Amino acid sequence: MIDTTTKIASLKLRNPTILASGIMDEDAGSMKRIFDCGASAVVTKSIGLESRAGYPNPTFAELEHGILNAMGLPNPGINEFEGEIRKLKDSNVPMIGSIFGSNSHEFVELSKKMQNYGVDALELNMSCPHAKGYGLETGSDPKLVREITSKVKESTNIPVFVKLSSNLTDIVEIAKAAEDGNADGIVAINSVKAMKIDLELKMPVLANKTGGYSGMAIKPIGIRCVYEIAKNVDIPVIGVGGVTTGEDALEYIMAGASAVQIGSGVYYRGVDIFKKICREMECWMENHNYTRLSELIGVAHK
Amino acid sequence: MIDTTTKIASLKLRNPTILASGIMDEDAGSMKRIFDCGASAVVTKSIGLESRAGYPNPTFAELEHGILNAMGLPNPGINEFEGEIRKLKDSNVPMIGSIFGSNSHEFVELSKKMQNYGVDALELNMSCPHAKGYGLETGSDPKLVREITSKVKESTNIPVFVKLSSNLTDIVEIAKAAEDGNADGIVAINSVKAMKIDLELKMPVLANKTGGYSGMAIKPIGIRCVYEIAKNVDIPVIGVGGVTTGEDALEYIMAGASAVQIGSGVYYRGVDIFKKICREMECWMENHNYTRLSELIGVAHK
Amino acid sequence: MNSPQIAKITEAKTENKDVKTFMFEYPKKMIPGQFFMIWIPGVDEIPMSVSYIDKDVKGITFRKVGEATNALFDLGKGDKIGIRGPYGNGFKINGKQILFVGGGTGIAMLAPAVEEAGINNISLTIIIGVKNSSELFFEDRFKKCGAEIHISTDDGSKGYKGFATDLADELLSKEKFTSVLTCGPEIMMKSLLDLCKNIPFQASLERYMKCGVGICSQCCIGEGLRVCVEGPVFDGKTLRNIEDFGVYKRDATGRKIRF
Amino acid sequence: MNSPQIAKITEAKTENKDVKTFMFEYPKKMIPGQFFMIWIPGVDEIPMSVSYIDKDVKGITFRKVGEATNALFDLGKGDKIGIRGPYGNGFKINGKQILFVGGGTGIAMLAPAVEEAGINNISLTIIIGVKNSSELFFEDRFKKCGAEIHISTDDGSKGYKGFATDLADELLSKEKFTSVLTCGPEIMMKSLLDLCKNIPFQASLERYMKCGVGICSQCCIGEGLRVCVEGPVFDGKTLRNIEDFGVYKRDATGRKIRF
């Protein structure tokens, strides 16, 4: 028997594939479906204090080698989102509540509510590549990252993960700041700031002009970030970015990730990508005589 | 007649395709060949004060959506390189001398020599994603970028371009620092820090572990950088990253680039990619009733 | 690739004071009931069903109801729009005798299905429900298909005075239909579903859409059913199991809005 | 994709005290004269010509001369190496009577060309030039092809005492060859080229390589001729126009090194 269970802080997962934030996770029904498709846990859409409609469309475009999006953190606001979480809680789906705010007060308020509603862990989104005032403005300042993380840790008692961007001069510095703030894990990477210009209309395709680049093209960037972070911090790392096959997932695991999140992969291989990837990982492990996924975590560092 | 000539500072180019630094430019013969293949100018390999063998092999690997390299700035040293430049000078090939150093003294010394040998412009490489002590360490500090640029400007009288990395929290800040230092143009982007792990060997493929990601996958990142820089500085921008077709080149032009550099494209389409891209651009312009390339520079900003 | 393709409007037709049809070259294969994401440059990108299906040419027919559709309404022949798609599943068209029930602008997207059923020699009955006779369009088109046409207006300005569902109730009790296909206000479709009992039923739903390709979950109903991928057409059995149907939709923030 | 494929060494053969042959599964089509980039994990990646060409199995034969080849020499059956390629152009094998001149390890990469020429019923003469008879390998292999074999040793320990070029000079004045194919020290090949005058000539060159795919320019000679793409085999006409040939190569820094 192949054992692909994994642990991130106190979170025990039946396999290492987690639904990434922002994909099929605006409502309980969608997240339930993804769980039924094999994901071991789901990260909610990033939720803020107030409702946000996000940017006008176009918010999405497929590119030659990946996906570009600028949703603009649409969300119904934390209070309205309670219903979705409570509903999902009834189905026993392991839930990681993703939140975004512009300062530690907001993060703390959101965290407490998320915890009360019943999520199993928190993901602090400090890395949205295109939402002004949120995302990168906080996530690129080590002091702020440390402060927000430690304030959230002080006011909650579930695992807290910090999600980082690759749009940083030094991602290790920020990961260490999160670790100093007592984060229980690092999630890397969010989508990469990018743009597509339509030649016929001679204008950016996205209404917000710039957006976040995700999918297969960014995997080598994500692998590098996870490798560098895992080498420099002692807390678990969750790898995100371009995971589309079981081999992609294993590459992240070898780079030092304890689990992976999958976003754009849902686009490329459908909602049952989670099952598919788990099967592919098991197959690879069988062919290579591994029985426990944990043996493979970080092996590329040796 | 379609006019694709372009101007960057005082540099007049017969077309907007320039050979990027590090590709087919270690010797006069190679650069001459690329010029004969249609490039309007060539950027030399980045040259330092002393000779460097670079990193051990593997220094190159093709990835699914781009190329990964960690050459490690191999170069024979500025004095030895004189011969190549003088030889190329005899062939009247417009030359941009790329140099790297760890401080302004080194950059100034290199710049003066390059100018003496006969290059038509300088490119200050402050953006190598993997060479310790050079590249990003200098290129991410606005004060250093400003200082190096202005010192080089003070001691030379040919156009000075500053080549930036996308591995920056805020590329606009660094571009502005270069502008403040009186740079005559900005070149963006260098390759993106990335990694590939081989699953069978469970180790990074590159001897240096991390490398620079280039080619088609990074184009949306390059376009975003050029767009943001062009919006915020008043000096010309040269776009680099994933230019493989005439349409790619036009996308950079619309984003605000006055010219493009081509590196990995040589791998994807051969050394005559320069001619091919020029033909494709002309074709597009003809079909869209444009006669002058200059009309298209930055149109996506309107 | 799911990225907008820029096309010129080759033909623009005003169907009535609020409804227009645009034709454009778009050579991809489509089936009735599928839709596009239509990019109105500088304004918005919105879902629009295909209303004309030819090999190389496709059409959309839309009502101006807000900013995007107003801006679209102001465009005309030669203007450029961005198009991606086709998206969604479309109708299954089979059986002997189909009852189509179109409410308001929903009529537009039923038209290609009616035409295809006509070509397949399926016997056609169609109920067109509008508020007022001035809102009617596509009547001639349906006639050409050999359809038996019933019109209902809220104000009695033409045909039956009252709701399309009442008219449907009458027809359903008189005639035997092998299936019912509908598009219109969700409340109407919900009532119709209740009337249909064992008759195979297909309804095309509208939900706020962003990606159109099944990743953003903006359009999801029930247990993660994506209107943009598994829909927009759902059968009666599925709809009976979805508590949202006819009850609420979500706005751009994801907040539930009661119909 | 030009990324190392990991293969297990399926067979290892010691050819002499410094030369080994490794076989591995590598089902890509190759022609004699082409080469691989061989990754010795944790050590280096170096160019190596193909010395055995079978449909599914290929081989390399190499001499230990430094860190990478020593490390490779220490590997054996079952060990893993990374392989990418095939790279380069390879030999053109045609005509009636070919003279092969192999100097030192250059003998290895000529072997598949000799075999192919044999299969095509081309008359074969081969000069093997080594310093000392203990360095010989592949003699039997050439015999099997029906080749007329001439051996030269610097010390006279076997065959002709002297340089392979002197032996070649003798043969060239006696017999009529339709072409000469060579691989060995560049100085030797250069002298041979001078001897060949109008006889079609092909020589396989060695240059320091990094990318192996024509972008880094590390291996370039003359006016940007990439030994890894346009080479490693060049014809006499091309070589006569390249001032570098037989004069200098470049080290890993790009600095010129005189032979």
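Here the chain labels run A, B, C and D in written order, and each chain numbers its own residues starting at 1.
Simple rule for what comes next: a contact is a pair of C-beta atoms (placed from the backbone, for glycine too) under 8 Å apart; a residue touches a chain by one contact, two chains touch by 3 or more.
Everything quoted here is computed from the prediction, not taken from an experiment.
Looking at subunit A and subunit C, not one chain touches each of them. The minimal number of chain-to-chain contact steps leading from subunit A to subunit D is 2. If each chain is reduced to the centroid of its CA atoms, subunit C and subunit D end up 70 Å from each other.
Separating the CA-averaged centres of subunit B and subunit C is a span of 52 Å. Subunit B and subunit D have CA centres that are 36 Å apart. In terms of their C-alpha centroids, the spacing between subunit A and subunit B amounts to 33 Å.
Counting only residues that touch two or more partner chains, subunit B has 63-64, 196, 203.
Along subunit C, no residue makes contact with two or more other chains. Under the stated contact rule, the graph of chain-to-chain touches is a line, running from one end chain to the other without closing.
A complete list of chain pairs in contact reads A-B, A-C, B-D. Within the complex formed with subunit C, the subunit A residues making contact are 22-27, 29-34, 45, 51-54, 56-64, 67, 69, 71, 74-77, 80-81, 196, 198, 200-201, 203, 205, 207, 263-264, 266-267, 271. Touching subunit A in their complex are the following residues of subunit C: 1-4, 6, 37, 39, 41-46, 80, 82, 210-218, 220-225, 250-256. Here subunit B touches subunit A in the complex through residues 63-66, 68, 136, 140, 167-170, 192-197, 199, 202-204, 209-210, 213, 216-221, 223-224, 227-228, 247, 250-251, 254-255, 284, 296, 299-300, 302, going by the rule given at the top.
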